[in-house]
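One chain, subunit A, links the two complexes that follow: it is found with subunit B in the first and with subunit C in the second.
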Partner chain A sequence: MTDALKRAAPRNPILPLRVPTLPPGQRSRAALRWTASVAEGRFELQSCHDCGQIQYPPRDACTNCLSIRLTWKPVSGRGDLISETLLHHSNELYYRARVPLRLGLVRLAEGVTVLTHLHGDCPVAKANESIPVRVRAHLDKAGQAALIALPATDTPNMADDRMLREMTSDPKFRKVLITDGKSATGQALVKAFVDAGADIVWAGLSEPWKQPPGFDAISKLPNVTVVPLELTDPRSVEDLAGSIGGKVDILVNNAEVHRAHGIGDRRGTETARAEMDINYFGLLRLAQSFGPALRARAADSAVPSTAWVNILSIYALSALPGQGTFSASKAAAFSLSQTLRSEMRGAGIRVVNVFPGPIDDEWTQTLPPPKLAPAALAKAVVKALKDGVEDIYPGDVAQDLFTKWQESAKVLEREMWDQ
Partner chain B sequence: MSASDSPAHVLSGVLDALASQNLRVVDLSQTLSPRFPQIVLPPEFDQCAPFRMEEISRYDGRGPAWYWNNISFGEHTGTHFDAPVHWITGRDLPNAATDSLPARSFIAPACVVDCSAQAAQDADFLLTVDRLRAWEVQYGRIPEGSWLLMRTDWSKRTDPVAYQNFDAAGQHTPGPDVAAVEFLVHDRGVIGFGSETIGTDAGQAAHFRPPYPCHAIMHGNGRLGLQCLCNLDLLPPTGAIVIAAPLKILHGSGSPVRAIALVAG
Partner chain C sequence: MTAAPYQGVVIATPVSIPYVRYSTKDAHWFLARALSALLKTSGLKKSDLDGLGVSSFTLFPDTAVGLTQHLGLSPRWLDHLPFGGASGVIALRRAARAVQCGDASVVACVAGDANHVDSFRANLANFSRFARDAVYPLGSGGPNASFALLTSHYMQSTGAEPADFGKLCVAQRANALRFPSTLFKKPLTLDEYLNARPIADPLKLFDCVMPCAGSEGFLVMGEDRAKRLGIPYARILGTIERHNAFPEDPIQNRGGWAMDQDHLYSQAGFGPPDIDLFEAYDDYPVINCLQFEGLGLCREGEAPAFIRKNTFTIDGSLPFNTSGGQLSVGQAGAAGGFLGLVQALRQVTGQAMKTQVENARHALVSGFGMINYDRGLCTGAAILGRA
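Right after this comes the complex of A and B.
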């Protein structure tokens, strides 16, 4: 049984900081396609269009019939552990710090054998005996897809397994900054992270003279501390980073300005500028102030810094003309988040992008349902961190638009005119 | 005109008095800082940008030998000046914007009405004609062309939440009532009205009839406004001279201002 994770002890200040290392990150183009599906929370393997063979690892041609007509097929992950080994040595710095490692061969129900990490609670493999396991695909610290086999049924403290935690960003015992604790989504996020066992939740408070209903109750939840944070003010962002930047393990940037204007129905640019100032420049200011310490602390304890979450919008992918300036600001933030992801990658900090559809708050009053409840958004964010997923599209509208966007961004652009 | 009354002599006398501290300079301006709150409108309206400061360089790779900032703000940020064109009632007046107002209007005597005790008791305290007449009994008639400065000690509220003082019914800050504004404009001919709060009007002035009298009536009659003033408690009831010159913004409706007062003794 996995030992329950303990709250990280304060770091011994005279010992050098442990510097983050990464597992090997080079992948072929075929393997990157696999990583892409895992980043979105899907477990797919290559399937040959001609002979039907499922193969692993991903390659450019079918190992059975040499066809290059390969497609991707969802797999269940169910299989049998047929053998295992304990790795005691590696020349890779990342693995060197983590040996011994349990690795196993699992025969999946789809008929392919995969090499996978083994969760500590998987029974020991035995000759002539099949041990049922569940194989999961997750992103490793390098941001590439990797496999881990879990026991067939859940075990106590299963999420606390050492190797599984390398692939996930569970909020348990982590110190979390929610950049806007005031809004409906902010209040829901604060509550969700408290419920998920966060050690501290810092709830950012801008313009404290405007306090909406509910905020007072949220700020009194256990482990919640309200902190001043004006994303439009570089000094304010720097001041907060100076105060807690060296402690934040998960940063959730949910602050946004959301108005429902296109181009022609509002004169001037001041509201659009206010959206850009928070939704885009706010992210840039946060990244410059909080990014370095978050990167530096990615290996400093058993519960190190782990993730950066951006609450974007599905309209970052394809503009909703009735909310054109908002869509543009989210598209800018999405673009910047890709650079952030690339800069965070070296430390193994996961950048999670959240693309919700319309959220059921005061700025979507004229949009018909379905709309995403703030609590559902918050739940999806926590789940993404626990599952180690990189991009999520919570809610029916987001799912629908994302599917259409993947099929044809150009068709969707036309369809958005009538949304 | 005797030699001692000549303008040149008056000016050198001012300098002598400043040097000997027979004249004091009182700073009436709050520091222009990102921490200072800005006026809040309901969210469906476009908002006044708060004061913001972004570093251009600080003796570093962005500029090795110099430190400087880009600043941005709304015209009505920090301690600021309201020109008549700020309000729709003043839009057609001549010479009523920050660039066209005569520079002469930036220097004027001040009458300071102490409402600090009342404002401490009641955040919605309103300055009335009766209160102004009672002040005149004590200190004399309000001279034409003077500022009427309402001292409330509101500037001593250094916590922005207490300074803004919002609840679900909106803002609660003191200001003049409608009749007091009519009286000051039409019966006393003041140059303008100054307050320590975030606006010249009371926090609840949206519900007055007419709404926002200190904007609608003052500016409609070519009068000025000063708000977010401080140190009014250091001014005498009469006799101080206020110097408050807005930035010369082309057709500007107002401007942050470094307001100062010259005070005898």
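Right after this comes the complex of A and C.
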């Protein structure tokens, strides 16, 4: 049975910093397509459009009929563990620090054999006996898809498995900065991270003279510390990074300015500038101030730094004309987040992008339902970290628009005219 | 249908360039030395070689093509053999047909690899597309984990014990101590084998080959030519090859030999009881078991009992891997696919010196190569006969 994770002991300053290493990250283009679905939380295998053959590893043609019309089919991951090994030696630095390492061959119900990491609670493989397991696809530290087999039914402390934790960013015992603890979304996030067992939740507070209802109660929750943070002010960001930057394990950037204007209905650029200043430049300032320490600490304890979360908007993908300048600022932030993801990759820090639809707050009062409750958004963020997912589209509107965007961004652009 | 016999074609001139654990030299250097040794031993001139077969993992970015210019050869027949452990047998059967049909008159077959510090790791990382996508990222670090998985399954389904594998390893080491160019000079006891450091359960240190650098080679030519040169030669009595056999098996517990052994023995005109020695591909002991079974020395799943019944030293009931095999000589990359064939050639031509098996008339050689994803894809076997 998995040992329950313990709170990380304080760092011994005499010991050298352990530099993060990564599992091998090169993949073929077909495997990258597989990784893309895993990044969005789906477990699919390649399937032949013409004959239905399921195959793995990803190929360029069907092994049964040689068709090149290959699609992707969601699979349950159910299968039998048919053999296993405990690896005591590896040539790769990342794994040298992680042996012994359990690996297994699983015969999936779909009739393909897959090589997987083995969760510590999987029963021992037997050649002549069915050992059912559940195979899951997760992103590894290199940000590429890898398989892990879990026991057939849940076990106590299952999420605390050493290899599973390499693929996820569970907030348990982690130190979390929420850049805006004041907004409805911020308050919900603070509460959700406290509930998820975070060690410390720093709640960023801007303009302290304006405190909304509920904030007082949130700031008194156990493990919550209110910290001053003005994202428009480089010095404020630097000061906070100077005091807690070396401790933050998960940074959630939810601060935003949200106004509801297009181009023609408001003269001037001040509002648009204010949106960009927080939504885009705020992210840039945070990334420059907090990024280096987050990267440096990615392997330094049993509960190392692990993730950076951006609360973006589904309108980053396709503009909502009635909130055009807001959409543009979120599109800018989305673009910057891709660079951030690329720069964080070398340390194995996961950048999670959240694309919600309209959130039920003061700036969407005139939008019709369905709207996403702040608590639901916060729950989705924590779940994404626990599941190790890279992009999420929480809520019905986001799901609807994301589906349409995947089908045709050009068609969606026209549909947005009437939203 | 049985393939036509290799009428009038022979194999000659066994050459091994001594192995070294690490070398600063490139594959080209080792292959050049093997070719040069082939010429020196046979008395042929470089211009006499009109066919060339090459197997190497570390020749990149060159192939056999680049090697012709690198070494100043102008062959009219050229073969690049990316079959790893099966490359020796496959090189032989192709070269033999080329000579038999007149496409070439003398084919030099060479295999060799460099082993720079860290080049083994770099090769593993890009061994195959499937390895890069679905094996290497999981930390399996090359063939150890793949063979551990096959070994574990094989042991559970057949009742094979570590001591069964150990018996083969210990016998091979005893053989190696009589072989001049082995990298392992110390005897190995069963206790040492059983108590070695674990590598990937159930595999321990002495189950795994040691990567090194070196090269091997032989010549294929018409019998008349060999006679004129006055060099010892052997006949090619039968050969088989197979790739990606039994893809529907959930895990590999048999190789392509099981599909083709009837062809091999019908071409040779005799069966396993007439085999005097066996040079198997032994990168891990479990693969020896699949070869005993696949080549009809025992029935499927009965290799453990076969091992318990037989002895495998040079004077044993089945002289086996008489040079020590890769487990005791070292694995010089693709040369590992030639090691057994070259030693079998020494045996049936009476050139095996201290490792000579008495009255060696028929030598069985087999190869196994390329763990592309979860199993080895290439298998081959040949029977060489005393001329």
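The working rule: the second predicted complex is superposed on the first by the 419 of 419 C-alpha atoms of A that agree within 3 Å, B and C clash if a C-alpha of one lies under 4 Å from a C-alpha of the other, contacts with A are read in each partner's own complex, and residues count from 1 in each chain.
Operating definition for what follows: contacts are C-beta pairs under 8 Å (C-beta built on N, C-alpha and C of every residue); 3 or more make two chains touch, one makes a residue touch a chain.
Predicted model only: the values in this text are computed from it and were never measured.
Contacts of A:Gln187 after superposition on the shared chain: neither subunit B nor subunit C is touched. Within the superposed three-chain model, A:Pro23 lies in touch with subunit C and out of touch with subunit B [touch as defined at top]. Of the two partner chains, subunit B is the only one touched by A:Ala274; subunit C is not. In the superposed model, more residues of subunit A are touched by C than by the other of subunit B and subunit C. When the two complexes are overlaid on their common chain A, residue A:Ser313 makes contact with neither subunit B nor subunit C. Touch criterion not met for A:Ser169: it reaches neither subunit B nor subunit C. When the two complexes are overlaid on their common chain A, residue A:Ser219 makes contact with neither subunit B nor subunit C.
In the superposition on chain A, contact of A:Trp209 is made with subunit B only, not with subunit C. In the superposed model, A:Thr113 makes contact with subunit C only, not with subunit B. Common to the subunit B-facing and subunit C-facing surfaces of subunit A is no residue whatsoever. Those residues of subunit A whose C-beta lies close enough to touch subunit B in the complex are 207-211, 230, 232-236, 268, 270-271, 274.
Here subunit B touches subunit A in the complex through residues 34, 37, 40, 46-47, 49-50, 52-55, 160-161, 163-166, going by the rule given at the top. Contact residues on subunit A toward subunit C in their complex (touch as defined above): 23-28, 30-31, 56-58, 63, 82-92, 94-95, 98-99, 101, 103-105, 107, 113-117, 125-128, 140, 142, 144, 146-147. For subunit C in complex with subunit A, the residues that touch the partner chain are 120-121, 124-126, 129-130, 132-142, 144-145, 148-150, 152-153, 156-157, 197-203, 247, 250-251, 373-374.
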